[in-house]
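Two complexes follow with chain A in common, the first pairing it with chain B and the second with chain C.
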Partner chain A sequence: MQFDPFIIPFEIGLYSIVIYAVVRSVMWFRDLSKQDKLRLQRGFFGRSFGRSIREIFMESLIHRKILKANPRLGYMHMSLAFGWFLLILFGTLEADIFGSSHLNPPYKAIFFKFFNPDHGRTGFEAVWSFIMDFLLAFILSGLILAIIKRVSSRVVGMRKTTKLKPLDKVALISLWTIFPSRLLAESFTSGAYGTGSFLTGSLGSWLASFLPANEMAYPFWWLYSLSLGTFFVLLPLTRYMHIPTELFLIFARNSGITTGDKAGAFTEMQIYSCSSCGICIDACQLNFSTGITNIQSAYLLKGIRNGDNINDISFNCLMCGRCDQKCPVGIELTPIRMIRRRAGETHPVEKKLLERYFPDKPAVQLPKANGKPSYNFLPAIEPGQADVVYFAGCMTHLTPSIRNAMISILDASGVKYKFIDENGGVCCGRPLMLAGQDKEARELINFNSQLILRSGASTLVTSCPICYKVFRESYYLNVEVLHHSQFIRNLIDDGSLKLNFLRKKVAYHTPCDLGRGSGVYDEPKDVLRYVSRLQATDADDENSLCCGGSLGNMKISYHQKHKIATDAAAILTKDNPDILATACPLCKKTFASATKTKVADIAEIVAEAIVQPNPVRNVADTQSTPLHSQMPLSTV
Partner chain B sequence: MAGRCLFPKTLSTHDMEGKVVIIGGGAAGMEAAGQLARAGCNVTLLEKQSLTGGHVRNWYHLFPDKRDSMEVIEYLEKHIAHKNISVLTGTSVEDIRRKHGSIVVKASDGREFDADAVVLSTGFDLFKSERKEEYGYGIYDNVITSADLELMFRKGEIKRHDGAVPQKIGIVHCVGSRDEKAGNLYCSKLCCVAAVKQAMEIKGYIESARVFCFYMDMRMGGAHYEELYRESQEKFGINYIRGKVSEVSENINSKLVVKVEDTLAGRPLKMELDMLVLMAGMEMSEGGRIIAENADLKTGENRFFAPADHHFGSNKGNMKGVFYAGTCTAPMNITETISHARAAVADVIYYLKEGKS
Partner chain C sequence: MEKFGFSILKERHIDYDANDKSIAEYISEREPSFRICIECGCCTATCTTGNFTSFSLRELQILIKRGENDKVRDNIKKCMLCGKCTLVCPRGVNTRNVVTLAREAFENEIENAV
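Moving on to the complex of A and B:
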């Protein structure tokens, strides 16, 4: 039995992290809801298992998404994760093949060179040594990038990187020490025995030429073991917890578990899966328009993990969802922020070191309305009976040109409809939800639900993406909810709306709650393409920007919102469109004072294109009405 | 004598150069030009419009004494009819630069003017009421601005778009003023009293009309304002409702439906009106903004030119030899504008005499 006392720190670290991982996993599994437990079990023994393994390989090891978003940063993550994985894999095989026995304890693989200093002299052994050296060099190249990133994040192509807390620094230094100390330990040993490949061999023989290599090697083996042990022991307290947690998260997510609006084990897994890579900071408009760099999702999750005071952070967000889309780990960042908002103002808790290994669950309850009708003082609204009801919403009432346009479209299409909040209604509830006031929002939702139920409608059309999102997600109604862009597209498609072609260049801004928030990207563009010349912009689809008018941010000033709006408008109007089109009354209002370009809702543009019943035609008219605009959209 | 300031011997013991360019030919610019010319300076007055007089030309009667604004225009025109003043209308300015102790004023047509001192009297622009889309200006025919109403007064008839005489008229205060969402936190100061004046004047044209003012606060800080406010209620029966209009729509009879919260009664209110007047606030003029941007002149949070000192230097900015007069620094009424222009003149004369070196 080969043994040396220097392996003790590594052994302690390794076994404590393994035990911790098992305990924490059991705790998480226990905390899952009954349905989620079933999902996970089915997922684990089902088809999604393969998907999870593949995703773990592609994302946790190769870091494909980061590589795509930012190759240099991706290489850094990949070299450390994939390189280390291969080093362990090949190290284990090496110990198995060349060691004194098979099925070795892990330390044999990690410290193989120490126990087998003579290894690597001949043929196959030398090839293997070359592989091991190559992997070490691969990791070290990533490490150099990581160190440079700490000093200057721009080198790896990031505008900003995350700031660290003290324990993170200790863990970071121990992580950084691991591979250089291994390099030196192996090099000295190789130097003393004349073994090693291109890296450890050459470095070793050079070092041995002026240093007593045999004596020098031992302290570095200690350092190597100590840094590994320290890193493992501290790991649960630091952001490196993301390494083991992400594996669990990938299984859970592939089993079909989602955040929804629940606080619980899945939310916690996501919170601990964040590697603080900082990609969310780069994606955030608050960063690049207003220079606010301390509230992004990486900081929110870090604050939740550490029990810091994050009241300001959680409410200082546009809730646009850009970071959700860019997050390489696929964490549902905006839903987590919504859950955090529901907890209201919380106070930071000073935790003892041991408590931090097993933190309390964030207990954020799902709200229930108190059932008492709070809006009795409002005049009774009689919605009337109709198949299609139109709910304009507060913001549309504040932009009467959109409301008027919708009325003329509805009238021109011949659809039988009722305008249920024509003479006033109550808010859809989403602004309150964004402020964390879900309970109060529930009362609004109940009020509107009754109104819609009484109308007997099967289709609900709304002009505001904010309403659209909440109608779809938080109302329990048996109606088809359509944003007016979808509704107009249907009208064009079934031929009930006849439109002219307007000879105008139009750039389209995708509203956050419609695009990212509800997945409606194509319908508005189809409609615009049908009536105008739609330009491509740098902010199309998933690259779309927040207009700055977001109801989600309770912290920034109107001045800062205006800055976000002017920056976004400048990007969208780069190719000088005649009209900057939106599909949201709030975006329209926000952009109207942020650009000199005419801003119009998609409904206004369509209303302008409506073919009048008895058109007085002249030459110019026939020119501006290509044949295709008289045909249903599906045939174009 | 042109080119030299002839100032009373008690103030000036030696001669000085005095070429002053004034940018903006409204009340402030005209008043400053007249005063400087009389002090012996050689004045060039630049005005981007084809006529001098600025916004005053667009008003009908002025508060608080209902003086015809044309009397003010006549006074100002007489004031600038002076041999030391050359008026260049149709000239807008893009930039000013200091160059070897003097100042170069660059017009957008490429012309350049050398000056020993420059007075900026670029004034204000009315808030564009279309920006408050919820009030429906530009969408509903019978929503007009206070400036449109003055034109109607001048024409001598107040009519709806369909030609009918309005009987129920609303006046919305603070349109684009004290409004964070419009980007203007400040009070434009004179819309309150202008609304009171206009409400009374409406009653002069349409005796049977009922006029409702929707206000946040009635800011009656000027001389005779409070008296006017009182008179409007006692003699003219104007109704004042404290609350901000939230939205305006049009019903099938083409009446305007205004939603407002009566904050004194503590309840929401819905009202049908024949006409709605928006009291548009004052904003930094676009012309002033361009000069500020190109010449690096400091502007305040309110985007108007920032004076060097609120108490002692309200006519000075951050560029030596450049002085401010009138509403390019903050909203002011005509009385204040003329006083501010005269104060600028005192600063210019002192600067030309003592402070240039």
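Moving on to the complex of A and C:
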């Protein structure tokens, strides 16, 4: 049995991290709800197992999503993760094939060169040591990029990189030390014995020409083992915890577990899966429009992990979901932030070391009991019976041109409908939810639910994406909820709405709650293509921008909102469209003051395109016709 | 006290000594735009809640600034946070945050009292 005391730090580190990972996984499994436990069991022993393994290979090792989004940053992550994985894999095989015995303990593979310094002179052995050298060079190239990124993040194509806490820095330095110390240790050993391939061999013989290689090697083997040991022991306390957590997360997600709207073990897992890579910071409009760089999702998750006071962070966010789309780990960042907002004010907690290794089970927040209902002044409204009901929403009432356009579309199509909030309705409840006040929101949801139920409708049409999202997700109604863009498309499809083609260039802005929030991308664009010339923009579909008016952000000032709107409008109107179209009254209102281009809702454009039956009118008639049926777009 | 031969109506009497400005301070510290309100009443004109009841954000803002908190405490809960007032405000006051902070301040007041 070959043994040397320098392997002890590595052995301690390795076994503690393996045991820790097992214990922590058991804890996560224990904390899952009963249904999620069943899902995970079914997923683990079912068909999604293969999918998870493939995702682990593609995302955790190759980092495909980052490579696609940013090749240089992707290469950095890939070389460290995939390179290290291959180095371990080939090292283990090397120790198994060329070592004195089979099925060696891990340290034999990691420190193979130390125990077999004569290995790699000829034939197959030399080819193998070439592979090992190549992999080491691959990792080192990524490491150089990582070091440069810390100094200047622009080099890897990022505007900002994350700021680290002290313990993260220690772990980072120990991670950075691992590979150079391996290089030097192997080089000195190779130099002393005249072995090694293109990297360790050449460096070794050069170093041996003026240094006592045999004596120099030993301290570097110690350093290599120590840095590995330190990294493994500190890993659970730092952002590198994402490495083991992500594996568990991928299995859980592929088994069909989602965040939902309650805190729990899955949310906890996602919080620890964040590697603080900083891609969310780059995606955030608050960063590149207003220069706010301390509230992004990476910092939110870090704050939750460390038990900091994150009240300001969690409420200072547009909730546009751009970071959700960009996150390479696929963490559901916006739902986590919503859960955080609901939890209310947080106070910083000082955690003991043991608690930081084994955090307590996430506390489930019970709703605060403050007896009195807030909205008992609401009167009982009789909606009347109809198959289709139209709910304009608060924001649509603030932009009457959209409401009037919708009425003329509904009238022109001959649909029998009821306008249930014609005289001003009750808010849908989402603004309260975004402010973390769920109990109050439930009161409004109950009120509106009763209203819709009493109307006996089977289709609910709304003009506001904010209402649309909450009607679909938080109302328990047995009706088909449609945004007006979807409804108009249906009307065009079944031929009940006859439209002219307008000779106008239109750029379309996808509202956050409609696009990323509800997955409605195609219908509004189909409608626009039907009536106008739709331009492509730099911010289409998943990549769309927030108008800045978002009700999600409670903290930023009017000027900051205006800056976001101006920047977004400038990107959208780059190709000088005649109209900047949107599908959201709030976006319309926000953009109207931020650009010189005419801003209009889809409903207004469609209303202008309606084929008029050309009635013969005399002057007296115009007085009596309802206002909305004759209002062209240009006057509103 | 001097007798002027006339008196003021009790309900028009603002007693600055008896009033509690702590809520107003709590809000303006965290949301500076609270200070620039000119009490024009646009927020009240567009208010969703105001459509159903006599809720008026303009009135509540004035009362908070005067320190007459008793009239605000329950009324402020009627707001639905729909955000129309923020959009119509000619001064750019972040009214949603003002309401949220006011509710927060009243809640803290209760917690501290117990």
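The rule we apply is simple: the second predicted complex is superposed on the first by the 598 of 636 C-alpha atoms of A that agree within 3 Å, B and C clash if a C-alpha of one lies under 4 Å from a C-alpha of the other, contacts with A are read in each partner's own complex, and residues count from 1 in each chain.
What we mean here is this: a residue touches a chain if its C-beta (ideal position, glycine included) is under 8 Å from a C-beta of that chain, and two chains touch if they have at least 3 such contacts.
Values in this document were obtained by computation on a predicted structure and should not be read as measured data.
If you put the two complexes together on chain A, you find that chain B and chain C bump into each other.
In the superposition on chain A, A:R454 contacts neither chain B nor chain C. In the superposition on chain A, contact of A:E345 is made with chain C only, not with chain B. In the superposition on chain A, A:G424 makes contact with both chain B and chain C.
In the superposition on chain A, A:L551 makes contact with chain C only, while chain B stays out of contact range. Looking at the shared chain after the overlay, A:K589 reaches both chain B and chain C. By the touch criterion stated above, A:Y375 is placed in contact with chain C alone, chain B being left untouched. When the shared chain is aligned, chain B and chain C each come close enough to touch A:L398. Of the two partners chain B and chain C, more residues of chain A are touched by C.
In the superposition on chain A, no contact is made by A:K505 with either chain B or chain C.
Steric collision with chain C, judged by C-alpha atoms after aligning on chain A, is confined to one stretch of chain B among 94-102, 220-228 or 238-246, namely 238-246. The contact surfaces that chain B and chain C form on chain A in the two complexes overlap at residues 397-398, 424, 558-559, 589. Residues of chain B touching chain A in their complex: 130-131, 133-134, 136, 139-140, 180-183, 246-250, 259, 270. Touching chain B in their complex are the following residues of chain A: 397-401, 403-404, 424, 558-559, 562, 589, 592-593.
Considering their complex, residues 33, 46, 48, 51-53, 74, 77-78, 80-84, 87-89, 92-94, 96-97, 100, 104 of chain C touch chain A.
Across the complex, chain A meets chain C through its residues 345, 372, 374-375, 377-379, 394-395, 397-398, 423-427, 429, 431-432, 434-435, 437, 440, 444, 549, 551, 554-559, 586, 589-590.
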